[in-house]
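Here chain A shows up in two complexes: once beside chain B, once beside chain C.
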Partner chain A sequence: MTTAQPLAIQDQLIALLAERFGLDQTTIDPQVTFSSLELDSLALVEFTVTLEEDFGVPVDEEDVTAENTVGELAALMADKLTAQGQAAG
Partner chain B sequence: MTVGNPPFHAAVTGLGLVTAAGVGTERSWETIVAARPTAAEIPAFDDLPVRFGCAATAFDGNAALGRRTAWSLDRCTQLALVAAREALAQAGLTPEDWDGSRVGVVLGTALGGMSTWDSEYAKLAAKGPRTVSPMLIPMAAVNMPAGQLASAFGARGPNFVTATACASGTTAIGTARELLRSGACDIVITGGTESALTRLVLTTFAKMGALSGRGEDPAGASRPFDADRDGFVLAEGAAVLVLERPEHAAARGARTLASVSGYGASADAGHATRPDPEGRGAEAALRTALADAGLSPDDIGHVNAHGTSTPLNDAVESRMISRVLGTGPAVTSVKGVTGHCLGASGAIEAAVGVLTLERQTVPPTANLERQDPDCPVDVVADKAREGRLDAMVSHSFGFGGQNAVLALTRP
Partner chain C sequence: MNPAPIVCGMGTSIPEQVVTNDDLSEFLDTSDAWIRQRTGIRERRVVRPGTSTGDLAVLAAEGALKSAGSGEADLVILATTTPDHPCPATAPDVAQRIGLTGVPAFDLSAVCSGFLYGLSCAAGFIRSGAAERVLLIGADTYSTILNPTDRTTRAIFGDGAGAMVLRAGHPGEPGELAGVTLGSDGALRDLITIPEGGSRHPVGDELTAEGRYFTMRGKSVYRHAVQRMVESATRACELAGWRLSEVDHLVAHQANARIISAVGERLRLPAERCAVNLDRLGNTAAASIPLALADAATAGALRPGHRTLLTAFGGGATWGGAALTWPDITPVAV
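And then the complex of A and B:
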């Protein structure tokens, strides 16, 4: 069984946000919401596509909303990866 | 074009260029005036019928604009935005200085965000709908370069894109001038942009037989008016001109680099891709532009030709030039250097025309080794020609039989 690590995933998300949207990594806090990062709804849908590609698990539009924090998304992604690991294992 | 009215000299107060010849007006001009061809092999094309083009390889949208801005813009918009920044800086204009409701944006593009269309469709076909970006339409729709420039600069006046294929940039500048003449705007940010160096676009132009097949010698492939020309070289680039009502430019003490003094447009109303054999539509556009500017054929010292390097265009255009203007004007096609930037080409060539008048230097046509006797005009070859020049025309002829001509004058 694989248990994904939320903290490592959080760092990965922050790096992805910087790489994909040009956000300043140092300003992205786990408690910050996507709306306060000034990512609009289309950018968030774009981010779901990026997440699916990078993590290899399905990510739906309702998984990444303006009110979500980066930390919450990291926890959700960890759950998805763990579930996928269990299904595979 | 309102022929018969007093000539209206729209003032060009700023220029921006991003081409395969260089990022920035000066770099592009240096390469053009030195007649250094920019065509080169493109690795992504290595299995296609034609494996080369003129890419603006020195342009990196992320570096130029920052990823925060660049990520949501197709490359054609990135090129236009960088060119516009340069043009506004030269004009000495910032959004804080103007009433945005009096500032228009009119850009020409033939294909809009083609690279985004192409790459997103490839994702859909290869990996299915979940991989398709929601940003496809806002990035790739043909109007977006103009819309994004408005957002970037707070230009809240009339805003649109003109699409007349390879004449789009020229149509844009002529139309921008009309917005100034009518009083709708004080300033129009105008020009053209194209970034369609995609596998799909390259392949279909190759299958049309429109492209040069000189794969063993890409640098020599774009050779307007040369007897051995065999097609155009696909290119990307953008040019932006800041155009102002002459009173507006004068009131703020801006320097006028050159004036857009006449515009003519017409349709061949014939074949979709083949020019009228006698260039009658092109001739009508040229004659209208001259009349609009209050110029006679004898006044024209220089033609910045459409000169695509296709066998048909260059011969038809040359015969038309000699018929209307005689053999006096010095004729140049910068496409020998830049390749053919489709909807941006007319804007790039108008910008080069402005520099030609400002610097009193007519750039040469690259790769002219043996002039085609079927092109009976005075083609400037080998090196730039200096001398007094007061008025010139810039030609653009698009698929669809759409023709547009600008008359440019020294202020």
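And then the complex of A and C:
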């Protein structure tokens, strides 16, 4: 059974956010919400597409909202990856 | 060997009336900065009352026939979501007005993918020998179906028409349409819709004020559009036997500047190879691809021999991609 590691995923999310939206990686911590990163609604949708492409799991628009923190999203992605690993046997 | 479809003429027509973002913010809760940041649009063209989709289509068609050097065509296809009447189709009227009475003419409904669906039809008629010269028009007047109080759709859409003439020719000729791919998914029917006024909720029923207008779920559209446009552009490129790195221009449906850049980025095409004219015209639905092609050609960015990739996503949902080598033609604006 595969268990995805939230901390590793968190680091990956922070790196992705910094790369895609030109943010300073050092300003993004797990408690920060997407609204405080000043990402508008289309940027969040763009980020869900990127997450699907990079992680290979379905991500809904509702999974990435302005109120979510980076840490919450990392935990959710870890759950999705673990579920996918279990489904794959 | 079957004949190949060759692009041999282009024409365009846009209304004179310009509506800027500042004009919209006078009566809607929006601003120039908000619209530009989310869409890349600065202004759009809008018809004056009394001007119809067919009127714009006639002008664009006349331009395309002039550009092609002949008034002849043996098939007229009009891609539109905003026909002059719910019934009959607008294409026969347009054909008659441009001197093509008697020629088969039909409307094609695939919303913002309409021009690519039309290209595929034109190519099929030519390859099979059923037509030798096809006039394909993409024309829309979304200003006639938008909810006046919807700041999102009002900011995005503009009116316009673009037309193309395709003739039967030989494979490998400049202007050859080298590959087309189409797709659809009816499960996404509610993403882009005019909910009422069709047979599901007929005009005889009590209609709601909102339901008669065009609606769009922008965020979901964004997501599906990026994915499907990337897929279909890639597939069209494969059908033409090209590598993506060999593509000179991506002319994507002008939906939103951020969709175009997300698609270009995923296809690894630099921004200078991705045509953008929505800053001046907004999203003109079925007209957007021919208008963007004509603008790029007129500006000298799109030159004869350039490998050009087209892609669109629209209501239905529908999507498509096409690959063509740009011919030595001069688009005519009317």
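General remarks:
Here, the second predicted complex is superposed on the first by the 89 of 89 C-alpha atoms of A that agree within 3 Å, B and C clash if a C-alpha of one lies under 4 Å from a C-alpha of the other, contacts with A are read in each partner's own complex, and residues count from 1 in each chain.
We adopt the following convention: contacts are C-beta pairs under 8 Å (C-beta built on N, C-alpha and C of every residue); 3 or more make two chains touch, one makes a residue touch a chain.
Since this is a predicted model, take the numbers as computed values, not measurements.
In the superposed three-chain model, the partner touching more residues of chain A is B, compared with the other of chain B and chain C.
When the two complexes are overlaid on their common chain A, residue A:L23 makes contact with chain B while staying clear of chain C.
By the touch criterion defined above, A:E46 reaches both chain B and chain C.
Once the two complexes are overlaid on chain A, the chain A residues touched by chain B in the first and by chain C in the second are 42, 45-46, 49.
Across the complex, chain A is touched by residues 37-38, 218-220, 222-223, 226-227, 256, 258, 262 of chain C. Those residues of chain A whose C-beta lies close enough to touch chain B in the complex are 19-23, 42-43, 45-46, 49, 52-53, 58.
On the chain B side of its complex with chain A, the touching residues are 62, 66-72, 130-135, 138. Those residues of chain A lying in contact with chain C across their complex are 40-42, 45-46, 48-49, 61.
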